[in-house]
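Each of the two complexes below includes chain A, the first together with chain B, the second together with chain C.
So, the complex of A and B:
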């Protein structure tokens, strides 16, 4: 198991190196540099010379690449990185912690439920580890220990790339996690009901809608939501239900607590739903297929034959086994959600990593482009490994070799 | 032909001994199963119409600016805006009888551009599908047939491709494509460059599927027999194993065609897909989305519907093929 994880990590690192090299060389090959615009002005010559020197643009390409690579993995402040703080960045840790805790607690609960683990030591560890994560997180937040990698400065002159990315990461997390939760909470029950009532009207409608969702680009979904559920809804009924730009209102800080929650939700629903729609379609299709497969199995016929109530057969015998394959699907869907976030954030003016990426690409801001691509690549590599491990944990038939 | 699947034993075609004289081939069964899938049949016809309109009628009716002399009415010029009698641009005109789909923000006829835009979108879809099918099949077949070092090397490479974050990479490469001067002109702009980009990013899944098929098929008795009869590796791979592995390849390729059209639309929306003035459905829907806020809904609706219905048709065909190519499936579907 450990050997398997290590091997996968090595492959992951190779993938990331290849990714960085390809993107780097493509950027170099495209010729046009960030200084092109300045070159139009003859008086800018000394500035250009200075910036070329400062950013190392006059060096050979491979040397530039290795400089970039060395910087990419080097902490800015080695002394602080020597501590325990390597994992948590300069991110608003207070913002990340609840999410981390929820994810870990949820994963533990699902794991224990599906793997039928009931040993007391395991329950103790489970309960303890949630507290453990909280304490570490609070301690990090309080002690203000910061850590950052030297990802360089943005070519757009808006500060360090690391700060920009992790400043935006919170917004993307909020959007992505909400979309994922929506997709799970809607998609899985939808698939289960479709499987239970196979070939019914509900099943047919669900299948057709899934196909339509699959066949629609996410930007059309997002623009459609904006137009129908925000703009025209307000125009026709006078009800302003959802907002279509940003994460919060400008006057957010003056609102009361409940009003603040309402404000956040009304900003969050439309972009999250736009991202979630395609995932809802794929989860429900997948869940339906997996449920149908289980329902035609021998052990389910046994359960029915011995006279168990239908509810118990479905919930206890069928559902538990039918949920296993979807774990992999969800972990692999992270790439899709990130892709959806890139487009949706640009449409809804959501200040996340996706919008930062598009802005950086438009402004030929290479350090930011490289850093965002690599961050997303790292996230996907990790999620792929997690998916494989989780699948093996949930399904004892899977073996690692 | 009409009801091969339900043909009773001892039918009208049988001879005196009750033996069937007319053999039912796999192909007959495939066609019979496909005809059962009504949506797939309708989708096939629809897609056929769309292809004819985009690739034959579109280029015939509309004329490129600067090309040979144009005898066609101005209505069908998709590069230039329409003008009224006083030579003013007819900007954002709502659909009416002479201009059934209205005009866009530059006064161009939306109908002409929708007809013309299918060409780029479909080219991206089909070229990507072709590339994915060929790369994925060759890589998967070699990896599945030759275990050991070939398999290892090819599969690690496949893992690498599958590990790439699709959309971010497509965006950055799509952005840089016109500036990559070492590429030939036809790849720098227009649908072919995007199709090659997507083709090289999307073949990983198919390669894995083909490899799995080959791994199981190469142990079968008929392959053993072919090998004993002295068939060469190439003959075994292409004549004996590949035909038996065709169904997942066809189904997966169909799905890739739909996905490629959608990804191209997303790239066009961000401005990194097929560059204007070449119209694509994705780019038009994006433009239409911009003006729809001001109430000019038609470009978004017409271009969007063309895009969604075409991809939907492709996906329905894929679904129908999946059912029809599955020999274990009998007559369960209603």
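So, the complex of A and C:
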């Protein structure tokens, strides 16, 4: 399995190199340059000349590419305030992490115990390894020993690309993970219930609604939520429940602890729901289809013929098989989180990677554009490997060789 | 569509009953109905009774039915390759049934499961318990299914074409094993098959099904010695026999089974029957005693036809 992962990583690096070259050439071919805006002002000529020299814009394209590549993979000094500390600092994860660690490990151990799984020592080891990884992460975050790459400087004159992206990553993760959790917790059970009650009223309504949600563009959904759940809700009932822009209130730091949580939630609900709605639609449709396929399988008939209660037939024998096809879908969505929700973040003024990306594209700030694209690419490569490993966990027939 | 209509039969304790018929004749649907595994929208049991040890299974609450399934009536299915859940170990799937019906703890269930695997001659049962179904051949998986079916000592074992998907050498082993185990425990067996050879070797009584109904039933001796229904005769005639010369072509029942959505009027076999008369197209023949003491046949001419003296092979070629 280790050999398999290493081989996949090597393929991944090749894929990423190809991706970087293609995207780099596309940016060059798209016309316009990072300094075009300055050219409108004749007095800027010396600045332009200096920046062109500094950024190497007068060099041949392939040379620029290799310069970028070298910058991209060169580690900087041990980071002072960059990288993970920024994310963890923004989410305030240092405080939450020990609790989350204990909850996850505890829940996992309890589950292994309650489900009376064979080879329980192996499960216990895996539960322990989760704790181990979290503790290492915690230590890294606390001790600020963080690996950091230079990724070059932004062409917009606002510092290192790495710092900019990781500065925005906290916001993006907060939004993305919330949306993903909503989608998983709502979409998958929804699909299961629809499959169990196939052709029922509930199923028909669910299928129709998910079809509508799936085919509506995200900006319509986002603006629709802003209008209905924020603007008109306040207009008609006088209740200001949700905010339509930003991550927190300007006066956030003066609020009490509970008020801070409330403020975060009220800012988070609408953008998260907008993103989640489409995922809910697609997850529930996929889950329904794969569940239906499993429900008609021979082994489910066997399970019923053994006299198992219906609940057990569905939750034990059907669900695990029906989850296998969903893994790919969810894994790629997880990878998508890294790139941020470009449209949603723009609509809700959310200071995440997606908004940064749009701003970078408008300014032809290609170190930033490249960095965001590569981050998404790396995320997809890694999540594909994770998905393949998850297949093996869910389905014993999968072998890595 | 009526997949099974007007089927009525009894199976005595310890009896070995063979149910024979073409694909689509309602054999499996009958078996699934006994287990109450027919669920809407696929189908439903409209009316009738299924008496099992004095209780009508159709009137039973679902909870009680769950005790019957797997506990008192076990079922083995046709395709062992797909009948076991691929993501759980064999031990897990066996122990699940045992814990459910015998109310024992996990440790005891494991011992019972290992014993059940040993009974079906699977080597190294303790280690096999931790293996997954895909690590086994079809024959071995069917042994596991048999072990699973018999692990709770059911009173009736329904085997729905248990050897159809297996190769011929394995077929005989599996049949021997299953019927030996059933005989040891006094379990009644309802063996569904379209293989008359299997039925001849293993069954006490036989019922022949055609287009959703029983056309003939009786002891194995009666059915094989003196078939009363032209369809039974056709089935028997289409068997290869090692003790006869192969000079003649095998007989085949001409035509195809009728559509049950729009069944033929009168006797459902009439479009394919070599002896068809006007009455066959007009009215449906009831099962009535004919031939041997325990023999029933659903043919207007069952008593009159002496099938053995008529050379149907000539008739069928015209």
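By our rule, the second predicted complex is superposed on the first by the 335 of 401 C-alpha atoms of A that agree within 3 Å, B and C clash if a C-alpha of one lies under 4 Å from a C-alpha of the other, contacts with A are read in each partner's own complex, and residues count from 1 in each chain.
We adopt the following convention: a residue touches a chain if its C-beta (ideal position, glycine included) is under 8 Å from a C-beta of that chain, and two chains touch if they have at least 3 such contacts.
Everything numeric here is computed off the predicted structure, so don't read it as measured data.
Undergrad: Using the superposition on chain A, tell me whether chain B and chain C clash or fit.
TA: Overlaying the two complexes on chain A (C-alpha atoms) leaves chain C and chain B fitting together cleanly.
Undergrad: Touch check for A:265: first (chain B), second (chain C), both, or neither?
TA: In the superposed model, A:265 contacts neither chain B nor chain C.
Undergrad: Does chain B (first) or chain C (second) touch A:185, or do both, or does neither?
TA: Once the two structures are laid over each other on A, A:185 reaches no partner at all.
Undergrad: Does chain B (first) or chain C (second) touch A:9, or do both, or does neither?
TA: It touches nothing on chain B or chain C.
Undergrad: In the superposed arrangement, which partner chain does A:320 touch: chain B (first), chain C (second), both, or neither?
TA: It touches chain C, and chain B stays clear.
Undergrad: More residues of chain A are touched by which chain, chain B or chain C?
TA: B
Undergrad: Name the contact category of A:198: first (chain B only), second (chain C only), both, or neither.
TA: second
Undergrad: After the superposition, just quote the angle formed at chain A by chain B and chain C, using C-alpha centres and rounding to the nearest 10°.
TA: 70
Undergrad: Is A:304 in contact with chain B, with chain C, with both, or with neither (first, second, both, neither)?
TA: second
Undergrad: Now for A:394: first (chain B), second (chain C), both, or neither, which partner does it touch?
TA: So A:394 only meets chain C here.
Undergrad: Examine A:18 and indicate which partner it touches, taking first as chain B and second as chain C; both and neither are also allowed.
TA: The answer is first: A:18 touches chain B but not chain C.
Undergrad: Once both structures are aligned on chain A, how many angstrom separate the closest C-alpha atoms of chain B and chain C?
TA: Superposition on chain A places chain B and chain C at a least C-alpha distance of 5 Å.
Undergrad: Can you list the residues of chain A that meet both chain B and chain C?
TA: Touching chain B in the first complex and chain C in the second, residues 199 of chain A appear in both lists.
Undergrad: Where on chain A does chain B make contact in their complex?
TA: Of all residues in chain A, those touching chain B are 11-12, 14-15, 18-19, 23, 26-27, 29-32, 199, 211-212, 214-220, 223, 226-227, 231, 335, 338-339, 342-343, 346, 357-358, 361, 369, 372-373, 376-377, 380-381, 384.
Undergrad: Touching chain A in the complex: which residues of chain C?
TA: Residues 35, 37, 41, 62, 65-71, 74-75, 77, 79, 82-89, 91-92, 96-97, 100-101, 106, 130, 132, 134, 145, 148 of chain C touch chain A in their complex.
Undergrad: Which residues of chain A touch chain C in their complex?
TA: Answer in residue numbers: 116, 118-119, 198-199, 297-310, 316-317, 320-321, 394-397.
Undergrad: Within their complex, state which residues of chain B touch chain A.
TA: 156, 159-160, 163-169, 171-173, 175-176, 179-182, 258, 262, 265-266, 269-270, 272, 282, 285-286, 289, 292-293, 297, 300, 304, 307-308, 311-312, 314-316, 319, 334
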